[in-house]
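I'd like to ask some things about the structure below.
For clarity, chains are labelled A, B, C and D in written order, and residue numbers in each chain start from 1.
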Amino acid sequence: MNMGTLLDIRNLYVYYRTTRGYIKAVDGVTFKLADHEIMSIVGESGSGKSTLAYALMRLHDPSQVYIRGKVIFNGTDLLSLNEEEMEKIRGSLISIVPQDPNTALNPVYPVGEQIAELFRYKQDLSPKEAKEISIKLMQRVGIPDAEKRYYDYPHQLSGGMKQRIAISIAIALKPKLIIADEPTSALDVTVQARILELLLEVVKEVGSSMLMITHDLGVAAEVSDKICVMYAGKVLEIAQKDEILRRPLHPYTRALLNVVPRFHKSEKRLFPIPGSVPNLLSPPPGCRFYPRCPYRSNTCTKKEPRLIEVLQDHWVACSMWSKLEEVDF
Amino acid sequence: MVEPLFITDVDGKIKPLLAESYEVSSDGLVYTIKIKKGVKFHDGTPLTAEAVKFSLERLLDPKVRVPGRHNYLVMKKIEVVDDYTVRIYLKYPFAPFISLLTGTNTGIMSPNSAKKLGDKITKDLTGLGTGPFKFVEWVKGDRLVLERNDNYWGEKPKLRKIIFKIVPDAHTREAMLLAGDLDMIVLPPAADIPQLAKNPDVKLWFSNASRTMFVVINTMYGPLRDVRVRQALNYAVDKEAIVKKILFGLGTPVDSPLPWFFPGYKSLTPYKYDPEKAKQLLAEAGYPNGFEVTLFSPNGRYLFDKEVSEAIASYLEKVGIKVRIQILDWPTFVASILQPPEKAQFQLIFLGWGVGTPDSHFQFYLRFHSKCFTPNGFNFHFYNNSEVDKLLDEAMKTLDPEEREVMYQRVCEILWRDCPVIWLYMQSYVVATSSKVKDIIMYPYEMFGLQKAYIEG
Amino acid sequence: MALLRYLLKRLFGLFLVVFGIVTILFFILNLTPGDPARLLAGFEATEEDVETIRKALGLDRPLHERYLRYMLNLLRFDLGNSLRTGTPVIEEVLARLPNTILLAVSSMSLALVIGIPLGILAAVKNNSIIDYLVLIFSIIGNSIPIFWLGLMFIVLFSVKLHLLPAGGSGTPLHLILPSITIAIYLSSYIVRFTRASILEVLNQEFVRYAFSKGLPRNIVLYKHVLRNALIPVLTISGLQFGALLGGAPITETVFAWPGIGKYIVDSIFAKDYPAVQGSVFIFALAYALVNLITDLLYVIVDPRVKLEGGEESE
Amino acid sequence: MNETLRLLLKHKGGLIGLCIVLGSVITALLSNFITPYNPYDADLNRALQSPSIKYPLGTDEQGRDILSRIIYGSRFSLFIAFTSVAIGALIGIPIGLISGYYGGWMDYIVQRITDILLALPGIVLALALVAILGPGLMNLIIAIGIGFIPTYIRLTRGVTLQVKSMEYIVAAKMLGLSNFRIIFRHILPNILPPLTVQLTLHIGSAILGAAGLGFLGLGVQPPHPEWGAMIGTGRSYIFRAPHLVLFPGLALFLVVLGFNLLGSALQEILDPRLRRG
């Protein structure tokens, strides 16, 4: 099937206005996402991945945030739309699976109603029809005796159950793009696997693309076709999953992989990355990873490496990439 | 509604009402009173001597709460001579006795209805009286409704029905009158009298005498013992300005201790406002730079009482007397002035004295006789003047009106010179009605009669 | 079962509070100078008359004995008789209670009608001119001395324009000025409280999530946000309504509105102990009941609240 | 502390509030120098004059100059407000601190008493107290001050409970610091920000409370010019000389507005969540 481009982000900048200056959360990001493609955006907290996600949906308060660049989605630049047009797209063409279902659902409304309201307000269905579809959706995402659960309040359900509700909301209008903002990080480990499985199942069934935002390379490896590594507001490397896992070209990606314990490799020791994420108020010149990069050289401080396609569909932003010895992972 | 045996008419004279006539025994101990014939109570039973005996004896019954009961204790025995004559025996000769029988609480009630009502009498007065209007309904704190008594023995009243509404706030009363909710109101807000006077559809009625206002002087307190100081106080206060500027003209400065229609009234030279003379008198008495006094005043009891007290204080300050004002609510005020001499914390009290029973005895005896120091009387001044005591005791006994007149005149002269009080003014009693209301009788003692009144058109 | 247990617990608390108030007031008032017996006997009465009345009223008994007798009568809702009018206090208070309730209801509903929309407007249009103006209104609202505001209304509407009565009760016209006066004061609190509450809810995660579902803006605002924001507003209004049941003593005095507030003020001035104690007792009862009802309403409006009486939100 | 000051000066409302408050305090302190006439000098011949050049705010029923009385009156209103709030705070805060810190049955009793006192409408409590103590300045202050105690107990207790559970207090306990030191060295400083807000707002309501009692005639005794009493007396001339009521009311409103503006500005500055932009 032809893999047309669903989402094309070019030089996206997202700065937060504060009394002490601008925080450059997303500092020039470019990447594409094809139809039905699942791409993970991996990065430590504070790398700007969530900011990116919410910027796509234009959910930032304009008075607090400065956004520039292009976000071509399904042929139209989302940043140029006015609020009404954006409102139509949200929920129907793009939807989000929230990070923490406990705070995402409205505590004073039954969960079923929070699903049904999508159909009532976005598709003008009658309350009865909306309720029926919502109950079918709840059953689809594996919620036992959905008719009764329809009227439960969020505080009466477990974290996992609430995330299933959130997923059913995300897929309700069969959107083209689902953004999953660390969907499992707020859940306990036993539930995480099943929720991921469910998410993949429904995304494939609905045929939408997915942007999986996570800080856990394991999740990314398991879920996505393509992986994009972000650090301090910049994209450092993008490539197909197998390609990037087998041959990480950027020192940061390599360091990330060293941190992940491998079952089939009997590593004795894991190598934590020294130092910490730079201050985004006044980021260091040149490559942002420079202070923590074991392979750094003086060129890295002068010129800011641009993201270039060094191998077939394998992009990296590091001037020293070719010098890294082949490492087979 | 309920009529007494005698009544003080508009001219101040005592005239028979339910009584026909009366004779007094030579020793002044026995009063024989003839009752009008053919008078019926509202419950239809005839007015008889028996009813008079019943009503007067009630006044002596300790279980019944009677304001000013001690005056009536002078009656020893009441005897029914025949259906229309009753004889009253007194314990001692008491010249003003007849004036006692003009008080509203000496009203004659029908024994038959009184027995039927029992102690409901404090709420329901059906059939009790003989007056021009009959009792219909009384809702405490809200309204009292009266109806015309068609078989009234006297001139038939023109008004069919009277509804008294209880509206405590003067401004609200005034607003209701102007809005037409009421035809008549008592005591409109004094500040608005000039405006009301100019208002075409409002008519103002003034009584030519009522409550006299004065400042009690505690004559046992240091500097106030000296008559010159007390006179200085009288010169220091500008009564005309207070009446004109604070009471808006609703009063007349007094020229004698007695209202004009009392026996023994004699117009005396008033203490003109003369601060220099006051200072001079103070210096003579040895207080060139004044002294400190405390003035007690009620709040809301008399017309602009607080404001007048403040004005008096500032007048006294102008002649060097420093005044500490204590404005007290009524119960505290009453409690703190009824103190024996040694416990009195006041030197001056702003006080008023109503007309009540129209006989000079009641104006002077309890207030100036040395036997009546508070708390067992109303001699707040702790005034002790043997000549006045002698005159008052004498006047109480002598029956001959001329002789009493001379005695009370003498008392007036002594009091006026001795100044146990700062003489001020007589508050006018004002009633405001819509211009359509006619023929209201304004008695000279804060009361009005509606028996002749009517509403035009 | 939980409801019953909860009610019993609250009723006991209520009894304790009311008992406390009446006791404090009993001792406060009975220590005041001024002698009710003399007041009742009247100005010219003799000492014996005063004595007979003092005995009749039992004012000559020692204080603690009077206290016990008063408490026993209280259980039978016998609040004794007013010294001024002699009628049972319970009758006088109940005759005036409807007026106070009427005034409380009308001023509270007016305050809510003014306060809540303004509060929402200010919160939604945060940092705009409107937000600023609304804040100015609310600060002015609770800086104006109520009794002075009442007088100014009287000057304007009764004296100058002769539109509205200067005071008293009877027709609905009489109700207008007093309720507007109180409503302005109350709404200034409600506006600020609603605004703060909405601002707080707007910061919460589920609002952003609701927007991410692409729901129309005013659905998110008036359905999701408002429902959450109005819960604390309910509590505040409940408390204020309870306080209003004491009648706004000063406002009622200014407008001569025959409510409990004016009755309490007049009784205190006339040293009419039974009247003061009786009316405060009834008020305390009403105040506690209103609090209880507000808490119960709380359970209905906010599903997270259990009946242990404590708000147990996640 | 100067950080808050810097923000306060930038905060529009706060600045106005601060100016009004400072203005009124200075007027009160210098009142007997800046009054055009002697506020007590009465002369009935010039009573009830409406505002004129000679008497910019007119004269009252005794012929005294209203402007001078208002200026002099600020002394009473502010003095009453500051002292009564001080009484409320100085008694309420320690009780709140101790009761919140130690808890147990003592806390339960204190709580019940505060419930009772808060249930009584403030005005009735004040009225009853003034009825016992009699009218006058000091009694008025005590009556209003007592009214504030429960509010401060509850406020301090609330904050103490919050602060008590924080780690550094637990740490301080472990270091073996005496409870007394913990309360007054650690907990108290934390309570100051919310308290300063409450103090400023309460001064506003104390002025209103004092004026309310003055209006009913229970406050400062004549001839002293307390604003509430002036409005109370002026009330009977409302139809004929409304200016007697108008100007003292405006002064009252202005000063209370000042404190409220200052209080709400401080509230915004000290509570970031409400901060605007």
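The definition used in the following text is that a contact is a pair of C-beta atoms (placed from the backbone, for glycine too) under 8 Å apart; a residue touches a chain by one contact, two chains touch by 3 or more.
Note that the structure is a prediction, hence the values are computed from the model and not measured.
Chemist: Which chains does chain B share as contact partners with chain C?
Modeler: In this structure, the chains that contact chain C and also chain B are D.
Chemist: Whose Cα centre is nearest the centre of all Cα atoms in view?
Modeler: Smallest offset from the overall C-alpha mean is found for C.
Chemist: For chain B versus chain D, what separation do you get between their C-alpha means, in angstrom?
Modeler: Those two chain centres are 46 Å apart.
Chemist: List the centre-to-centre spacing of chain A and chain C in whole Å, with centres computed as mean CA coordinates.
Modeler: 54
Chemist: Report, in whole Å, the distance between the mean C-alpha point of chain A and the mean C-alpha point of chain B.
Modeler: Taking the mean C-alpha position of each chain, the two centres sit 95 Å apart.
Chemist: Centre to centre, by mean C-alpha position, how many angstrom separate chain C and chain D?
Modeler: 22
Chemist: In chain A, which residues are in touch with two or more of the other chains?
Modeler: 63
Chemist: Among the residues of chain C, pick out those that touch two or more other chains and give their numbers.
Modeler: Correct list: 33, 127, 154, 271.
Chemist: When you check chain B against every other chain, which residues touch at least two of them?
Modeler: 171, 174, 329, 332
Chemist: Go ahead and list every pair of chains that touch.
Modeler: So, checking each combination of chains, I get A-C, B-C, B-D, C-D as the touching pairs.
Chemist: Can you check the complex and tell me which residues of chain C touch chain A?
Modeler: 127, 204-206, 208-217, 219, 223-224, 227-228, 231, 301-304, 313-314
Chemist: Which positions of chain D touch chain B when the two form their complex?
Modeler: Residues 40-42, 44-45, 47-48, 61-63, 134-135, 217, 221-223, 233, 236-241 of chain D touch chain B in their complex.
Chemist: Which stretch or stretches of chain A touch chain C in the complex?
Modeler: So the residues of chain A in touch with chain C come to 54, 57, 59, 63, 83, 87-92, 95-96, 98, 100, 102-109, 117-118, 121-122, 153, 155, 169.
Chemist: Touching residues of chain B toward chain C in the complex: what are they?
Modeler: Interface residues on chain B, with respect to chain C: 62, 65, 67-70, 122, 140-141, 167-169, 171-172, 174-176, 178-179, 329-332, 334-336, 338, 375-376, 378.
Chemist: Hey, which residues of chain D end up touching chain C in the complex?
Modeler: Spelled out, the residues of chain D in touch with chain C are 13, 112-113, 115-116, 119-121, 123-124, 127-129, 131-132, 134, 204, 208, 211-212, 215-216, 228, 231, 235, 238-239, 242, 245-246, 248-249, 252-253, 256-257, 260-261, 264, 273-274, 276-277.
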